[in-house]
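This structure is in structure tokens; I'll ask about it shortly.
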Amino acid sequence: MSAVADIPERQIINNDDGTKTIISYTIENGTKYKITQKVAEIKVTEKVSATIAERKKWHKYGIEKDSKPGPDQSTTQIGEEYIFRLGPNWRQLNEEAEKKLDLERKSTVQSIKCRYCGGPHFSTKCPNKPKDGSVPTRKTAASVAAAAASNITSSTYVPPSLRRREADANAQGIDILEAKKREQEARTLRLTNLNESANKDDLVKGLLAPFSNSIEKAVVVENRTTGRSRGFAYVTFSTEKQAEVALDYVDGRGFMNLIIHADWSQPKDKK
Amino acid sequence: MRPLALRGHTRGITQVKFNLEGDIFVSAGKDTDASVWFSHNGERLGTLIGHNGSIFSVDIDKDSKYCITASSDETVKLWNLKTGEIFDEIKFQCPVYRVEFSPDGSKILIVTSTLMKSKGHLIVHNIDRSANIIEKEPVFSIETHEEYKPIQVASWSYNGRYIAAGRTDGSLSKFDGETGQVLKHVPNLHEDIIKDIQFSQDRTYFITSSRDKSAKLIDILTMDTLKSYDTDSALNSACITPVKEFVILAGGQDAKDVTTTSSREGRFESRFFHKIFEDEIGRVSGHFGPINYVAVSPQGTSFVSGGEDGFVRLHHFDKSYFDFKYEVEKTAEAEQESAANNGKVSVDA
Amino acid sequence: MTDTLAPNFPEIKLEDIHVNEDEIDFSDLKEQYEIISDNTSETKNNVKLDRFVVVDGTPIAPESKVPILTKVLTKLFSQAGEIKDFNLPMDTEEKKTKGYLFIEYANELSVRKAVKLLNGKKLDAKHRLFVNSFRDLEKYGSTENFSAEFKEPVVPKPVSKTLLDSWLLDEYSRDQFSITRDDDTLIAWYRGAHKPENIVEPRRNWSNAPIKFSPFGTYVLSLHEHGVQSWGGPELQLLHKFFHPQVRAVHISPTEKYLVTFSPKPIMLSDNAELNGPFTPEMEGHNIVVWDLATGVLLKTFGIPGNQEFHWPMIKWSYDDKYCGRIGPNAIAIYEPENNFQLSRGELLKVNDVQDFEFAPTGVLLHKARKSNASKITPEDYSTVLCYWTPENNNQSCKATVMELPKRRILRTVNLVQVSDVRFHWQSNSEYLCVQVDRHTKSKKSIFTNLEICKMGERDIPVEKIELKDHVLSFAWEPKGDRFITISIDEAGRDENIAVPQNVVTFFAPEVDNVTKTGKGAAAGSDVKSWKSVYSLPNKFSNKISWSPMGRFVCITTLIRPPQVRNQSEFLFYDMDYPGEHILNKENKTGANKNGVNCNLRDISNGKYGSGTNMQWDKSGRYLACWSSYLRHRVDNGYRVYTCTGKLIRQEGIDGFVSFSWRPRPDHLLSSSEIKKIKKNFKEYSAKFEEMDMMEANEALRTAILDRRSKLQNWNSFRAATQKSVAPYKIFENFSEVEDHTKSLITIEEIQEKILEEKKEVV
């Protein structure tokens, strides 16, 4: 139990936006970890029996008399995600799952993100904080576009079609580059339900072999951290016509045990 | 699965019990107050203040009207679960180890300790549900027979028909729930003290857990051992999960034997076994000290564990828990289904 | 090998060992050594006869010389005790003594003393005395019990070797291992991830200490209060008993010929001959017994020089068992076991102040015996070599000496200065001898180490010196290879806080002339110029280097060794010849060998196991067993088996687990060309083995499924029966009611906390 004493107290920081940041420490296999959680109180609705609903209305008593509704951080702490896999080979299952979780954790290391500049620090400490103290709304289209353009801070993949629309919303005028990009997207197909083990070569030399001469670019979208395919791809053809032929050919075709779904990478205006 | 760690006690937890609908559970510890919790979000409804000593045992009746507690202050108290007020109490001559409502809520069984020169009793009292009192005259009170070792734990069978009682030497007795007559005695079931007995949902069979590192599934009708689960750690508690055919075993080394700091090393884990196949199929860790009690909600959707570290950990099972089945089970189900379908067809024809 | 055979005394406390003497069957021992005594009724006479000795071989003297002869002999025999009667019979016709006499002593003890002291004593050049107790003479000399015909003495026959080796002919070439748990010991076939198949069901109190295997696994030895028993053959039946009361340590010579047992209780003969087993009076006071392992015959006993500390093994053997030696004050005694344990060359090897010596583990191919054509080398070309060291004293410096037997030719002497300790590390093929010299600084405050590596196969045995600033705690040669690893600590810069990991693991590899030569093939002595540290791991708790017996793979380990601050073990697997990228000892971590070092080091696995206290490779280097003994660690006892690449194959948690031991096997008999052939057809073999694995797995799966199916059926019928018998109570109907009333649902709102972001980092 002495180890527990070595662990610093939990720290709860009430953030401006009503969320809480909880910093706690834990020791696992002799290594000390710091866990930072950002917690929000949310309301969930649920269907329950009349008796249970009745009990929900009970007033608190004892030490909890007059406590406000909802769980209290001092007594109710959200634990760490626990991987619970059942099976006679549970040890292996757990180890595999743990590895996966580790990877995910690594990928979210940069998870503290400033609401002003997107940097890895708390918003309150942002050097670029606006003087008027205005709080940005949740992810405006503009910020997403900016993120997409810089492509550094954004951790999620923004498909080309969305990028374009954001750019539109930006209303900065369409320059030549933009126009070219639009034109390019007009001849791009989005293939979904791809087998995850299919790579670019499989696609170009296999599925799309009849069009291999007219393929300008093919990108299989991958998970940034694991490097695994996310099961969809963008293929740009030399002409829109070619793309259309390919669309007819590919859509609904079986490839590596899966039925491919193909569509334009952006919604086509009805012609 | 993301467990909730509930810090409502300053000392080790002794028992945790769900109500019938599983929306509320109550925890008792070596400090003097019991805590009542909502199981959905881990919010504390309140605390039951009134005892002057460790609370060893706690229970909620079937209507979630009452809570009952047994304490080292030699009293058993009946509480209003809604308000946290004391309805009634009954005084004994020695600390009380166990208390439990009969399934219909009309009676309570009480196991008293062997401290203070007492030989240990198994006592049943009626509850007057209209007056909200414990009837002072017991239905019966049985002193430990001199041939047997004292009772440590006891629990009601279906309809309150029998009482299964585990003794300090690992033997097991079956009493008539009406008269207190010993119907059967099973010597040497375990090699060490039986620390817990919990019935199945239908209360026709139960699981014992012992410091001899094993748990056993017993049929209350025949008192035959149906299954046995062996572990490498002394057990304090075990329960049978509804919905899934599992049992959960928990325990751990005494604090004095524990040299390592890591919870994983110290084996403070709830172990899941397949009830029928007796294989260990998973573990849940998280406690820093031995686990004193595990309970599963009657709906089978969550389980709580109470540890010597003072934490109650509440776990809601995820989908993967419910999805898990052995191939053999899947096959058997498929066969059953097709048999049922065939039956239907023939009726239709 | 000595590691695995010598018992670890700290593990076993005498008081912890419970032996039920009734369970040990010594009837055959008794039978063997029982001396048939005629159950006579002449008790009175008996007592008297026991006090007589008969002395033969006295001079036949004329009457006139009788007084002086009597005087001389009385004086001589008084040494053994008080003489009651002295009877020198005279030939009355010849007036001469008869050449023999009778002496009656006051007590029986004197009789035995006289026999011991004076039997075979030379009175003068012509006369040798033969002293026997009268009882013996009566027993052996009486013509009734004695047949004049010569009968071949019955020598216990060794059990047939083929029978003993039958376990090696396992269809699946599986390994065997033994497990000790509490007082139970079992021996089982290792079956990968599957449950081991017991060969010997758990035997309670089979052995006081965990059982021992002989170096080639032929014999299994168990220790008992009264001696050692050997077991073998397909059923592991009892082969022989070696009577040695309170035996505490056993050691088996390298070729499994001899068994050495040690008991802290010196041999004492009792009056009751039954209790003396094979011991004879001249063995009294000895603690060490050498036996013929195959037949159980006692060969030789040794005492321990009074001031000598106990170390084990006390008798060391040359690789071929032709010589054995033990250290004494200012000398090494070298015996020739085949020559009745006579001293080699009839004399001690006198070395002033000798501290320790070590035989080479194999025959040494010295430079003079080297031939250009390897196939021409015969077993005779290999020499028996030993090394020893002497410390600094007034007139000489500290010296390590390498000597060839039996001629005692000194091959090389290494002079050393400022030495506090010397340890010898032979490479497994005896190609190199590393003399680890622990030196103290001038202030004598800290210790640092020099490694002096003797290249045995080269002319005049050149010595390569490696000077380190650290104190080497542990050193290990790669078996059959030319690389080594050290665990060391910088004593001068040592942190007093023992919770700070400060051991350094260093990998050394030879620089090679020809960089194209890689792998173990380069280990041919003269290719090696010098050794270079290629990689080191600082800030470790590591305390054991455990090489695969086949080389290449090594496990750097932290074992739990109380009292120790860190109660956590660690098993790190390394490959010294990793074929891929990310080589640790290369700067760019890719590509081939650029700096001329014969090593491609790569960490390959971390066998996450926190409670390990011991470990052992199986002899083929396929598996590494790690276990947690409850004698050293309180919780999480049991064992784990890893492949040589650190993949966990099997684990079992067993309460009260004590020890694990692989059964060793003899070296394989394959020639290098045969090995090459196997490697070439590796795919074919592996396909075959995989198929076998699959079949076995399927079989195991099938049984498991059938078992589960029947369990499920039984359970369902049990439930059906219960439902039937409790039907009147309608308990099952009550459940559906509960479900029913939950159907009238109301929507409620509830506050829950939700985690938006979470991160976990090491502090």
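Things to note:
For reference, chains read A, B and C in written order, and residue numbers begin at 1 within each chain.
Just so we're on the same page, a residue touches a chain if its C-beta (ideal position, glycine included) is under 8 Å from a C-beta of that chain, and two chains touch if they have at least 3 such contacts.
Protein identities per chain, from UniProt: A = Eukaryotic translation initiation factor 3 subunit G; B = Eukaryotic translation initiation factor 3 subunit I; C = Eukaryotic translation initiation factor 3 subunit B.
Fair warning: this is a prediction, and the values are worked out from it, not measured in the lab.
When chain centres are taken as C-alpha averages, the shortest distance to the whole-protein C-alpha average belongs to C. By number of C-beta pairs in contact, A-C leads over the other of A-C and B-C.
Rounded to a whole number, the gap between the C-alpha centres of chain A and chain B is 42 angstrom. Chain A and chain C have CA centres that are 60 Å apart.
For the pair chain B and chain C, the distance between mean C-alpha positions equals 52 Å. Of all residues in chain B, those touching 2 or more other chains are 2, 21, 40-41, 43, 262, 264-265, listed in ascending order. Looking at chain C, residues 568, 610, 742, 750-753, 755 sit in touch with two or more other chains.
Contact with two or more other chains is made by residues 29-30, 46, 48-49, 51-52, 56, 69-71, 76, 78, 80-81 of chain A. In the complex of the two chains, the chain B residues touching chain A come out as 1-8, 21, 23-24, 33, 35, 38, 40-49, 64, 82-85, 255, 261-265, 272, 279-286, 288-289, 309, 313, 315, 317-318, 320-321, 324. Every residue of chain A that touches chain B in the complex is listed here, in rising order: 1-4, 27-30, 46, 48-49, 51-52, 55-56, 58-65, 67, 69-72, 74-88, 90, 94. Looking at the complex, you find that chain A touches chain C at residues 19, 25, 29-53, 56, 69-71, 76, 78, 80-81, 91, 105, 108-109, 111-112. Contacts from chain C toward chain A in the complex involve residues 566, 568, 610, 651, 741-763. On the chain C side of its complex with chain B, the touching residues are 567-568, 610-611, 634-638, 653-655, 705, 707-709, 711-712, 715, 718, 722, 725-726, 729, 731-732, 735, 738, 742, 750-753, 755.
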